[in-house]
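Handing you a structure now.
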Amino acid sequence: MTFQLLCFYAFAAVTTLAALGVITLRNSVHAVLCLVLTFFSTAAIWLLAEAEFLAVALVVVYVGAVMVLFLFVVMMLDIKQEPLREGFIRYLPVGIAVAAVMLAEMLALIGVRAMAQVPAPANPAGDSNIAWLGETLFTRFLLPFEIAALILTVGIIAAVALTLRRREGVRHQDPARQVAVDPRTRVRVVKMAAERGQEPAA
Amino acid sequence: MHADLLLAAWTLAKILAISVPLIIAVAMYSYWERKVIGWMHVRMGPNKIGPWGLLQAFADVFKLLFKEIVVPANADKPLFYLAPVLAVAPAFAAWAVIPFDQGVVLANLNVGLLYLLAMTSMGVYGIILAGWASNSRYALLGAMRSAAQVVSYEIAMGMALVCVLVLAGSLNLTDIVNAQAGGKGLLDWFWLPLLPVFVIYFVAGVAETNRAPFDVAEGESEIVAGFHVEYSGSAFAVFFLAEYANMILISFLASVMFLGGWLSPFPASWGLIGQGSWIWLFAKAFAFAFMYLWFRATFPRYRYDQIMRLGWKVFIPITIVWVLVAGCMKYFGWITAGA
Amino acid sequence: MLAEYWPVLLFLLVATGIGVALLIAGSLLGPKRPDAEKLSPYECGFEAFEDARMKFDVRYYLIAILFIIFDLEIAFLFPWAVVFTKIGLIALIEMALFLALLVVGFVYIWKKGALEWE
Amino acid sequence: MPTLNDILTLLPELYLTGAVCMLLLIDVFLQADQRWVTHWLAVLVLAVTGWLVVSGQPTAPTTAFGGMFVRDGVAEVLKVFALLASGIVLVLSRPYLRDRELHLGEFYTLILFATLGIMLLVSAGSLVMIYLGLELLTLSSYALVALNRDSRLSSEAAIKYFVLGALASGMLLYGMSMIYGATGTLDLGSIRAASATSAHPTLLLFGLVFLIVGIGFKFGAAPFHMWLPDVYQGAPTAVTTFIGSAPKLAAFGMAYRLLDSGMGGLLVHWQEMLAVLAVLSLAIGNIVAIAQKNLKRMLAYSTISHMGYLFLGLANGTPAGYSAAMFYAICYALMATASFGIILALARTGFEAEEIADLKGLNQRSPWFAGLMALAMFSLAGVPPLFGFFAKVLVLKAAIDAGMLWLAIVAILAAIVGLYYYLQVVKVMYFDKPEGEPLRAQVDPSLRVVLSANALALLVLGLWWGPLLAWCQRAFAG
């Protein structure tokens, strides 16, 4: 139990430090990697709360997919760092104020949990909560689930409509057509009578 | 407290019992690769160092260790060193959930399959970061190609895993193997009902590890060595280790998911030969590992557009359809797997 | 449940340790004799004349975005595959609908040519 | 387990989902010059959906999918007018989009998806449904704003919209999680029941604050209005017409569901918050609008002020107040389609007609359109006997009934300020000399017919508002 608590504090510390790194590091690729670490240690914390499926899904979806896109974008846009930092100090007080409100909220929430003495809901499905989660998702939350599919479809349309463009005038090879070339249409074999050349001078 | 330490030490011993043989396996696999391809080319392959050249791989390791790690001038130094570590860590950590025999598994996770997906999806970081940190055109190009390819085939692999899951009804790998047990030996395994998915899974696995014929990311005739062109010495060795560990991992996974893991291909009624054993698993994995080499010696390299087309336009549609087919099989009881 | 995860955590640490150990061993055992030519990035004989980090074809981003979407769908499929026999036919229909919507999007990207690599 | 009854209750939405998917698939197989097929199919789909909404309306409020979806009178009215507004937008937009090579199939599918989002949002019976409906709507809207990829302004607007929209969604979600934490349920009805007896009123209040902030963002009410002028100006006018009209109905629906269905027990608290938002919106919207030279920007600030009026009705917290607010939302949606529609009608290739100065002397060039625009402006200003006037009277009455006399006075003062800039437009059209190239209005017949009908409806409904108001009141009576 104590070891578990120790782990929690370790992961919580890593999460916080990594999150701090995200907003303070100058190099944007480093910042993205910090965000990856934040997600990863958050997943570890969820795991400690026995949210097995959600924790691993967080790694699969966020670390494995979303952050890869982040990395693609940040790496390739090659953002110049200096101008980005100008507003940082100016907006710091506002940020701190918002953070303070959030903290108060969180404390309120924790206070409520402590007061209510609600034990964390026990694993209803026994050993794994993935079955429980699946059953809830596909019975009670059936309609939201299908709407999520709709939203994903809209995401696909938006992504394609906004990024894909046929560039005019770009010459490119079509390797498939190159390979499919039939030699008979390119080379004509001509039969001709052999000519008698000049005898080389002896 | 004392007991806890003892447990930790015992776990550590188990981990080393997996990792050390894995490292040796990687060394022997690279030796075997050169040998096999040599034979297929009617050459001898390595044969100077040690009996039949067996020590060749170890000689290579020592050579690499004593070479300089050249860090290019404009490279991002911390990330340059971080990239190989990020490549090798998931390639090894994934082994935590592989069941070698009934009950012989380091961590019998309930979400083992998802954990594997998570680990394989993390491998892409090593590639991208290596390409970016090197600050070299070839490395970056190779990294982008490789990352896009890995990511594309990961979808097909994930869908294939879902098919297995549909039949097995559990994310636990031991349960998945047990779901393939039955009286009929190899006819009970999942490769039969999931035949197209089985093929897709292994081919996607080859593409996922950037191996021939999908090795455009390091097609030496166009972009030299791809994302690790700037890596030398032991930093290169780490990438090499990660790549081969991943190949062996895919071989084991294909065996566990589709070929019944440690189960015997013969009916259980055949006595000793019908009993499950880790030997079966290793034999199956060896067969897959051999296929990797066979592919490399046999097939010409795919073009990049062909690779992407195969992944997106062939594999993904087939796996999507097969998820539903597998669902129907399971629901209407057309197959009795997992019973 | 958590007991199963300690070995995984330990394995992650060991795996990282293997990578780090190899790198350290290499940098300790290997020579260190840098010179300008050796440290210049690989450029098939030319001088590298500018920063190698460049903008890429937007197609790569598109692949990454599509990957996220499909990965999410897979994340939904996992819990479904575990429970659908228990819920019954309705779950099968549900997922068929879900996948049908996915297929609509898929046909769209296919016809739009987002999957062509030229 | 869904029953046949669940399916029937959801029939309009299911039909729209299926139809929009079909439309998407049909469109990718069409050539660019066959886009009219998509266009008219989209209009037809909206019409059929509207018919399904009205014809299948149950006599008593019905829920489906275990309370996730509510089909009551409020939902019916809002859906009908959201569908109507979307249909008007589609017809008005076609010539504009065609001139700018933006006449893409995606425009239609995204508008239809956004409309579907609106329909789900106004029928939401659970916090999850509210969030998902809202995301469907906003995700489509972000993409629509960015549709013109060659325009810097459009991309910038889309980024602003997206970032602030995501922030607002985050706020909303944060508030929802607080409320879930306090009540332990996502179902709006259960939340209302639980909030009366909740042991954690502080937490509920915190959640409520975040909900209000989220709602404020989505409405574009001051002080959360920063995104609105830039987005209105930057987006292609066709898209501005859409996001200026139908989503306002959705915003009303969302606010009603969240605040009344969910947080009805905390009326006293949110009443005051809404009053503050209303005052700020009225003041900022009307005052800043005066300084605008760009017509779209001016209309954006006018939107902000109109959201203030809408909050007057909402803050009343009684069926009479809600029906006044809904009446106002409908009125505003129709005024928005009319006024932006004129800009669409006057724009042509290479010319946006979006500066107020562009309208100079419109009366000489095109008296009919000048007349329609004048109708829209007078209605926005709240001049009797137009639609906008009566809507304003209703919400003012609601505010006074709720004992917020001071608020009503602020609103009246704001209306007087507003009169100035609306009349400015009319002055420019009728009394200024035309400059530059002559304005030529679009000749597309469907646009002319629909725009004229839309603008004249402002007059007709101003004189004959009885049935509509009765419909709104009936919706809240049940």
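The letters A, B, C and D name the chains in turn, as written, and every chain counts its residues from 1.
One rule holds for everything that comes next: a residue touches a chain if its C-beta (ideal position, glycine included) is under 8 Å from a C-beta of that chain, and two chains touch if they have at least 3 such contacts.
What you see is a predicted model; the values in this text were computed from it and never measured.
Chemist: C-D or A-D: which has the larger count of contacting C-beta pairs?
Modeler: A-D is joined by more C-beta pairs in contact.
Chemist: Determine the chain that sits nearest the middle of the structure, using the mean of its CA atoms as its centre.
Modeler: Central chain: A.
Chemist: Find the geometric centre of each of subunit C and subunit D from their Cα atoms only, then give the gap between the two centres in Å, rounded to an integer.
Modeler: Distance between chain centres, rounded to whole Å: 40 Å.
Chemist: Please tell me the distance, in whole Å, between the geometric centres of subunit B and subunit D computed from their C-alpha atoms.
Modeler: Comparing mean C-alpha positions, subunit D is 53 Å from subunit B.
Chemist: What whole-number Å value describes the gap between the mean CA coordinates of subunit A and subunit D?
Modeler: A distance of 33 Å separates the two centres.
Chemist: Can you give the whole-Å distance between the Cα centres of subunit A and subunit C?
Modeler: 9
Chemist: Residues of subunit D touching 2+ other chains?
Modeler: 1-2, 21, 24
Chemist: Among the residues of subunit C, which ones contact at least 2 other chains?
Modeler: As it turns out, subunit C has residues touching two or more other chains at 1, 5, 51, 53-54, 56, 60, 64, 67, 71, 74, 78, 82, 84, 101-102, 104, 106, 108, 112, 118.
Chemist: Multi-chain contacts in subunit B: which residues touch at least two other chains?
Modeler: Only 109-110, 114-115, 117, 121, 132, 147, 151, 154, 171, 305 qualify.
Chemist: Contact residues on subunit C for subunit A in the complex?
Modeler: That would be residues 1-2, 5, 9, 51, 53-56, 58-62, 64-69, 71-76, 78-80, 82-84, 86-87, 91, 94, 97-98, 101-102, 104-106, 108-109, 112-114, 118 of subunit C.
Chemist: For a test of understanding, state which residues of subunit B touch subunit A in their complex under the given definition.
Modeler: 4, 76, 78-79, 82, 109-111, 114-115, 117-118, 121-122, 124-125, 128-129, 132, 147, 151, 154, 171, 303, 305
Chemist: For the complex, which residues does subunit D have touching subunit A?
Modeler: 1-2, 10, 17, 21, 24, 64-66, 68-69, 104, 106, 109-110, 113, 116, 120, 126, 128-129, 132-133, 135-136, 139-140, 142-143, 146-147, 149, 174, 178, 181-182, 199-200, 202-203, 206
Chemist: Could you list, by residue number, the parts of subunit C that touch subunit B in their complex?
Modeler: Spelled out, the residues of subunit C in touch with subunit B are 1, 4-8, 10-12, 14-16, 18-20, 22-23, 25-27, 29-34, 36, 38-43, 48, 51-54, 56, 60, 63-64, 67, 70-71, 74, 77-78, 81-82, 84-85, 89, 92, 95-96, 99, 102-103, 106, 110, 115-118.
Chemist: Can you check the complex and tell me which residues of subunit B touch subunit C?
Modeler: 8, 11-12, 14-16, 18-19, 23, 64-75, 81, 84-85, 87-93, 95-97, 106-110, 113-115, 117, 121, 132, 134-140, 144, 147-148, 151-152, 154-155, 158-159, 162, 165-166, 169-171, 224, 229-230, 233-235, 237-238, 241, 304-305, 308-309, 312-313, 316-317, 320, 323-324, 327-328, 330-331
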